[in-house]
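Paired with subunit B in one complex and with subunit C in the other, subunit A is shared by the two complexes that follow.
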Partner chain A sequence: MNIDKRLVRKDSLEKLFDILKQNSKTIYAPFSKNGKTSFMDAKSFAGISTGHIQTSESSKDIAFPRAEKILDYSKNKEGMSVKGIDFADIPEVVLWGVRPCDAIGIGELSSIFNWDYKDEIYNNRLSKVTVFGFSCNKSDEYCFCTSVGGNPGNTAGSDILFTRMGEDGDYLAEIITEKGLTVVSLAQNLFEKSETLEREKFLAEVPVRFNHEEIRKKLDKFFESKEWIEESLRCLGCGACAYVCPTCACFDIQDEAHGKKGSRVRCWDSCGFSHFTVHTSGHNPRGVQSARWRQRIMHKFSYMPERLSVYGCTGCGRCSRACPVDMNILEHLISIQEVTV
Partner chain B sequence: MMDNLYMPYLMRIDRITYEAPGVKTFMLKFVNEADQEKFSYKAGQFGEYSVYGVGESTFCIASPPTRKGYIECTFRQTGKVTNALSDCEEGSIIGFRGPYGNVFPIEEWKGKNLLFIAGGIALPPMRCVIWNALDLRDNFKDVTIIYGARTVKDLVYKDELKDWELRKDVKLVTTVDPDGESPDWKGEIGFVPTIVEKIAPSSKGTIAIVCGPPVMIKYTFPVLAKLGFTDESIYTTLENRMKCGFGKCGRCNVGKVYVCKDGPVFTLAQLKELPDEY
Partner chain C sequence: MVDLIKRAKELIETSVVKVLIGYEQGTANKTRALFVEKADDADRLIFDSRCVQNLAAYVTKKEVKEKGKMAIAATLPVMRSIIQLASEFQVNDNNLLVLGITPESKLIEFANLVEVETFVHKYEIEIDARNKEMLDKLEKMTQAERWKFWMDELSPCFKCYACRAACPMCYCSRCTVDFNQPQWIPVPSHELGNLEWHIMRAIHLTGRCIDCDACYNACPLSIPINLLTKKMLADAKEHFGAYQPSLKGDHLMSTYKPDDKENFIQ
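This part shows the complex of A and B:
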């Protein structure tokens, strides 16, 4: 569909929020507390953060929760009864204030959950989410969306993208999808027609730091490089990078038993953990941290493009911000580009 | 409710066979007949077996698709789930989801000799394809099975080994590692690669299927090469750690290849294309 551009006055956002609430939408929005900005169930408009560059964690858990029940079982006299998820219990959600690098990450996650086998648990959760993207008007040294095909005003992945026109200005709303249009129809009068809508000059400037296609080509011959060892010597294998990443989808499946009842739970995992690939025999195909760091980069910049036709990185920079030992993915990618193979 | 990829079939343990120390075979039947009717698989495929409240574990389907109405799995008690499985009794209900992965291209092997080489607990993935071939015996020429374990006690499927030994249309060679023999042992003594070299099966019109511990596989491939086997005529299976079984959880890949989707069956030619990360 054609992108429809509308004006939303700055004091109309709260009205929009209230109308959505009246229509029984659950709204997840970013709130800042103790230096951390996180998506939370927003009970009221007051306090929604707008000044942050990036939330501390991505918004992926809206469709891919960090620990998600995939079935319940109970043992009884007759044997066993097992029940899956009732998708009707999943609420309609508006994800409010998503940065374009997270919004585009949803598509990358969807590629993982839908190549070949279709993961209907993920798809059902996502089908109930309407994404309100908010363009970036500032960036920091960790941001590199423009190096991986994105930009601070990218519409991909958002149902409606809001761009604030000036520091205390009104918003330009770009209505991108049918889902977005449905929301607009609930509050038609807040989305005004206007001739004077401009966005480019209000967007953050994020310089292009490397060419992701070139990196991909280089990685084909880079598997045995010593760079992996040098770059990962200080890696703690803590998995923080994977937990904050909008596209990391590796998971574990564990059972939780409570007497005769219990659940099977799908939980976030990380290829950075030493036990991630270890066999029952004790053999570990990725036995050292450098092999695990290599897997992380290769998966995102070589294997995913090859198998799923998408890159597994949106340039959000969170992994570098979150790393307790200051490993920096951007610097590493630049160094891969500069090394001659 | 829509499809839930993670929902196992409920299976009743119909029979438990003690195979070797710590090794058991379960014959599993579908609790719901409708599940049984829509279920089909091919030799080489695997599944996730689960004890509710403990977790899931990945093994092959060890029975051939030519035998209907049940599936079998053989496992060694080593971790949390296999210990819990081992505690199960006949009649217990467990979970199974699958089949996953690719298959042995047994239709393409029509008219060929088949050479099966297995070590230890790796006979189960091969047993499925051995019985599949024997159930369609006329499709193949000579069938040779070379099977080794550390000790006589560790040999699995002892009754079936006897069957194969008695059959005129199967050549069975069993071996145990040096010092693994018992006083009445009549088979070979020596590591599997050594015995393969000694038996020297012809590579002409022969497909070799090799499953075993990594060290056995590593030393068997060069012996087969010496006997004239091409990389395309040698098949093996990879056994990487998995959680989902269908290409999502991110564990089993070797480079860009997913063992759960592109494998577990690979030719040696395909293995040689992979980075050394399995």
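This part shows the complex of A and C:
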């Protein structure tokens, strides 16, 4: 559909929030605490963070929760009874204040969850989500969306994209999808028609730092490079990078038994952990941290483009911000680009 | 740190050590670990107030240890960690040389770990004023208020285990949470799973944690988990005396002393 551009007055946002609430929508929005900004269930409009560059965590939790009960079971004399998720229980959610690098990540995550097996839990959750993207008017040294095909005003993945026109200005709303249109229909009068709406000059400037196609080609011959060993010596093997990433999708399945009943839970997992690939025999094909760090980069910049035709990185820079030992993915990608292979 | 750079070069050139662990300028305004294996790389060494990562976490890392004898540029918390690690047989004089950086930023080269211990024992481990105040506040809460405080603080935890990875004392090749037969701690980062993980972590560190705040500094969500280890440090002091890492191996929590209080048995 054609993108419809509307004007939303700055004081209309709160009205929009209230109208969505009246229509029984659950709203997840960014809030700041302990100096970090995270998506939380927003009970009221007051306190929603707008000044942050990026939330500490991505918004993927909404369709791919960190710990998700996928079934309950119980054993009795007759045998076993299993109860899966009732999709009707999944609420209609508005994800409010998503940055374009997260919004585009939803597509990348979806391509993983629909590669061969169609993950109906993920797809069902996502079908109930309406994404309110908010363009970036500032960036920091960790941002590199423009190097991986994105930009600070990218509409991909959002149902409506809001761009603030000036520091204390009104918003330009771009209505991108049918889902977005449905929301607009709930609050028609807040989305005003306007003739001249310009947005580019309000967007953050994020310089292009590398060419992701070139990186991909380089990686084909880079598997045995010593770079991985040198770069990963300071990596401590935690999962912070994977858990804040909008596109990391690895998970573990755990059964939590309580006597004759229990639940099966899907939990986030990370290729950075030393036990991630341990076989039952005890053999570990990725026995050293350099092999695990290599996997992280290869998966995002070589395997995903090859198998799914998308890159597994949106340039949000979160992993670099979150890393306790300064494993900076941008720095590493630039060094890969510069190395002759 | 001209002295450090000079000494690092000598140590590498004369093959006294194979690798020296120090700090270098990182990206943005961060500092990070540097592993000097060639004399020229020593020029990248820095030291300033931003250098707070506990580098002792690397002396038990397989990939670092395998390089051969290590030297480490060690601040007071790093030296304390090293003494604790030595008392647990993780490092010794044959595989580690300590270049101490005093609280006044002076460089001292120690001949052996006994000298490091003597230096470390000059300073008591003290909880800083801000955290002490926070512990007092928690102490004054009702049980229900304290429960709510911890439930709120721990609920965002997604178990990335950055706290564990950054802690020099968490060197087990297989952590309790990685066992699944039996499963001691629930894997999912739900309420119970998070609570059990953080309680278990604090208990395993009691009498071993040197209060460096590496866990808190590493947490990507800034959860104040160091309050748990600080509380254990304070409680252990009250019941068993002040904690100091010691080469004698008279571990605070696992060594019986005839004058130990037994007032917890009721």
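Rule of thumb we're sticking to: the second predicted complex is superposed on the first by the 341 of 341 C-alpha atoms of A that agree within 3 Å, B and C clash if a C-alpha of one lies under 4 Å from a C-alpha of the other, contacts with A are read in each partner's own complex, and residues count from 1 in each chain.
The criterion applied here is as follows: a residue touches a chain if its C-beta (ideal position, glycine included) is under 8 Å from a C-beta of that chain, and two chains touch if they have at least 3 such contacts.
Here the structure is a predicted model, which is why all the values come from computation and not from measurement.
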Quick check for you: in the superposed arrangement, does A:210 touch first (subunit B), second (subunit C), both or neither? neither
If you stack the two complexes on chain A, which partner ends up touching A:252: first (subunit B), second (subunit C), both, or neither? both
Kindly classify A:306 by the partners it touches after superposition: subunit B alone (first), subunit C alone (second), both, or neither? first
Check the residue A:45 against both partner chains and state whether it touches subunit B (first), subunit C (second), both, or neither. neither
Looking at the overlay, does A:268 come into contact with subunit B only (first), subunit C only (second), both, or neither? second
Check whether A:113 is in contact with subunit B, with subunit C, with both or with neither, and answer first, second, both or neither. first
Once chain A of both complexes is superposed, is A:240 in touch with subunit B (first), subunit C (second), both, or neither? second
Between subunit B (first) and subunit C (second), which does A:36 come into contact with in this model arrangement: first, second, both, or neither? second
Note: overlapping subunit A surface for subunit B and subunit C spans 252, 254, 256
Subunit C residues touching subunit A in their complex are 26-28, 30-33, 35, 53, 57-58, 61-64, 156, 158-162, 164-166, 173-174, 178, 183, 186-190, 193, 217-224
Within the complex, subunit A is touched by subunit B residues 1-8, 10, 12, 31, 50-56, 78-79, 82, 93, 95, 213-214, 239-241, 243-244, 246-256, 258, 261, 275, 277-278
Help me check something: in the complex, which residues belonging to subunit A touch subunit C? 34-36, 38, 56-57, 66-67, 140-142, 229, 232-234, 236-240, 242-244, 252, 254, 256, 265, 267-268, 270, 273-275, 288-290, 320-322, 324-326, 328, 330-331
For subunit A, which residues are in contact with subunit B within the complex? 70-71, 73, 75, 79-80, 82, 84-87, 112-113, 115-121, 124, 223, 249-257, 262, 264, 266, 269, 271, 276-281, 283, 285-286, 291, 295, 298-299, 302-303, 306-307
